[in-house]
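Right after this note come the structures.
In the two assemblies presented below, subunit A is common to both, partnered first by subunit B and then by subunit C.
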Partner chain A sequence: MEKQELIAKINEVLAEEFEVEIEDITPEANIKSTLMLDSLSLVDMVALIESEFGVKIKGTEVSSILTFEALYDFIYERLA
Partner chain B sequence: MNNRRVVITGMGIYSCLGKTLDEVRESLYTGKSGIIFDQARKDMGFRSALTAHLEIPDLKKELSRSQRVYMPEQAKYAYVATCEALKNAKLDQDYLDKHEVGLLYGNDSSADPVVKSVDTMREKKDTTLVGSGAIFQSMNSTVTMNLSCIFKLKGMNLTVSGACASGSHAIGLGSLLIKWGLQDCVICGGAQEVNPFSIGSFDGISAFSSREDAPTKASRPFDRDRDGLVPGGGAATVVIESYESAVKRGAPILAEVIGYGFSSNGDHISVPNVDGPARSLRMAIQQAGIDLREIGYINAHATSTPKGDQNEAKALFNVFGDYRPEITSTKSQTGHEMWMAGASEIIYSMLMMKNEFIAPNINFENPDEDSAKLNIPSVRVEKKFDTFLSNSFGFGGTNSTLIVRDIK
Partner chain C sequence: MDKNPLYKGEGIKELIPQRAPIMMVDTFYDATSDEGFTGLTVSEENIFCKDGLFTEPGVIEHIAQSASAFAGYNAKANNLPTPIGFIGEVKKFKIAKLPKVNDTLKTNIKIISEVMNVSLLTAETKVNGELIASCQMKIFIKE
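What follows is the complex of A and B.
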């Protein structure tokens, strides 16, 4: 999958699951504040990424993924 | 402070007879059945695929994702019922924020999220994939934990698990908290999930009616040819508070909870006896401090099982003797609403009392030896009454009886 295609897909599933406008998801935006995630719903994001893209994000890794750009890169690298 | 009057100031319901009090009143009046045949259950290997039918409410507009994700179906039913009850009781969020309003709700299972979580864990070997909602959906206290957070309640916060008497005990225990001055207002009720997972094991002990060719005829409490219960569900909320609190708020005062009786059979795990229910009945009447002839209507527990109905009929006859007020089981229309039943049947009886009728015990075509001694109408009765008694009994031999008196 091309990276732009992957980004579009990531944005789509996140917007649908967390009920936010897809336009609000920009590369530099903060994931937690944009998706309104607390410590519990962060688990749902990890589960969603794993079930949709087959990419597992460990607990130690998720704390360093702050922006959507970081998330795109993380998933893209694991799929490469 | 230890003998305060307890009044009902609001009610709300979500059941197979309707999604509002008005719809349910109409269904009761016309004797409508809420029972259907569910092919999905048959495909799962159910002996009986009969069930009450209701839709899971879509709360996307009312609640955020982070609120909904922790709610199993019965919590959604309870939310809808509670919104209606709070509105009718004139309780707004500002009042809930400033007072210690309690919450006591009956619930005794949450099978669907448990089964789905375990399926995920078995298949994926990864607990993260069950998601954040599963633990909160799976616990027995799921209804009270969800409602207390959504409505930001600050008083007693507890789930009552007393099998099929859960909802009745919730109201009874809530009334004691108010009577003793420990709470001014308590949101009470009962909720029951309706998915197949929750009652497959109940079907497995041949407790359900197998009259699959005639779903609306299957639940036939007290009838000679009854062959088992039909599972139902939904949620019912009853707001109770001290008389003083209700007057101070200018709340609608609908009726008074004047008696709560309870007992345990100390006997078989599933087969009810006569002595336990009779003691619960007598205790409620004694607590109410009334002559039993003041009771104008009895809403029986009667679930349509051969032994259960027989023994309740014996208990009622033992207690009431030659005084024969109308006795019906609304389970003839709703099926057995189990953890919810004790609360919903207070609402059904309230709707009848306020609208001066007694809903028919549908499908009561031929009495047996014990039900023949009781006054069980199979057609609607137009009747004014101002006091009713409601029985609820459960597995393990837990019994609860409530007596409610009208306030006009």
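What follows is the complex of A and C.
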């Protein structure tokens, strides 16, 4: 999958799951504030990424993924 | 789950912090890296029983304690103290029928994801091989 195609798919599944406007998901935006994630719902995002893309994010890794751009890069690198 | 259980009766106290009359797991059958298998035989004296049936809050508590037992089993394997967990969220709870007194619930807990001190899991509870309840649950583990 091309990176732009992957980004579009990530944005689509996140917007649908967390009920936000897809336009609000931009590369530099903060994931937690954009998706309105708290400590309980953060695990939902991790589970969603794993089920949709087969990419597991460890607890120690998730704290360093702050922006969508970092998330795109993380998933893309794992799928490469 | 047909082999001898790993923990049973009083031995369950090694895995979970709950004590009678709120203990809702009496058997820990087995575990893998991300799954645990537990059981509970419903007694007439169970505080969640009403009119001979084990009520919905009892089933949810049994599932939560099953997750707790699984966490306790893993902690014990790593020589750590029994963790204390709280139900953070219950989603997609479905119950087909209420177990009766003397029924044995057998529950399969599967960890879907863990982020920091929150675990997301799915649970399926069967009685005599029949699926009677399922849900998705988040457990917050106190550090």
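The rule is simple: the second predicted complex is superposed on the first by the 80 of 80 C-alpha atoms of A that agree within 3 Å, B and C clash if a C-alpha of one lies under 4 Å from a C-alpha of the other, contacts with A are read in each partner's own complex, and residues count from 1 in each chain.
Heads up, the rule we're going with is that a residue touches a chain if its C-beta (ideal position, glycine included) is under 8 Å from a C-beta of that chain, and two chains touch if they have at least 3 such contacts.
Quick caveat, the model's predicted, so the values are computed rather than measured.
Of the two partner chains placed by the overlay, only subunit C lies in contact with A:Val62; subunit B stays clear of it.
In the superposition on chain A, contact is made by A:Met36 with subunit B only, not with subunit C. In the superposition on chain A, contact is made by A:Phe18 with subunit B only, not with subunit C. Shared-chain residue A:Val46: touches subunit B and subunit C both.
Within the superposed three-chain model, A:Ala8 lies out of touch with both subunit B and subunit C [touch as defined at top]. Residues 40, 43-44, 46-47, 50 of subunit A contact both subunit B in one complex and subunit C in the other. Residue ranges on subunit B touching subunit A, taken from their complex, read 60, 64-66, 69, 126, 128-133.
The touching residues of subunit A, when paired with subunit C in their complex, are 39-40, 42-44, 46-47, 50, 57, 59, 62-63.
Within the complex formed with subunit B, the residues of subunit A that make contact are 17-19, 36, 38, 40-41, 43-44, 46-47, 50-51, 56. Every residue of subunit C that touches subunit A in the complex is listed here, in rising order: 88-89, 112-120, 138, 140.
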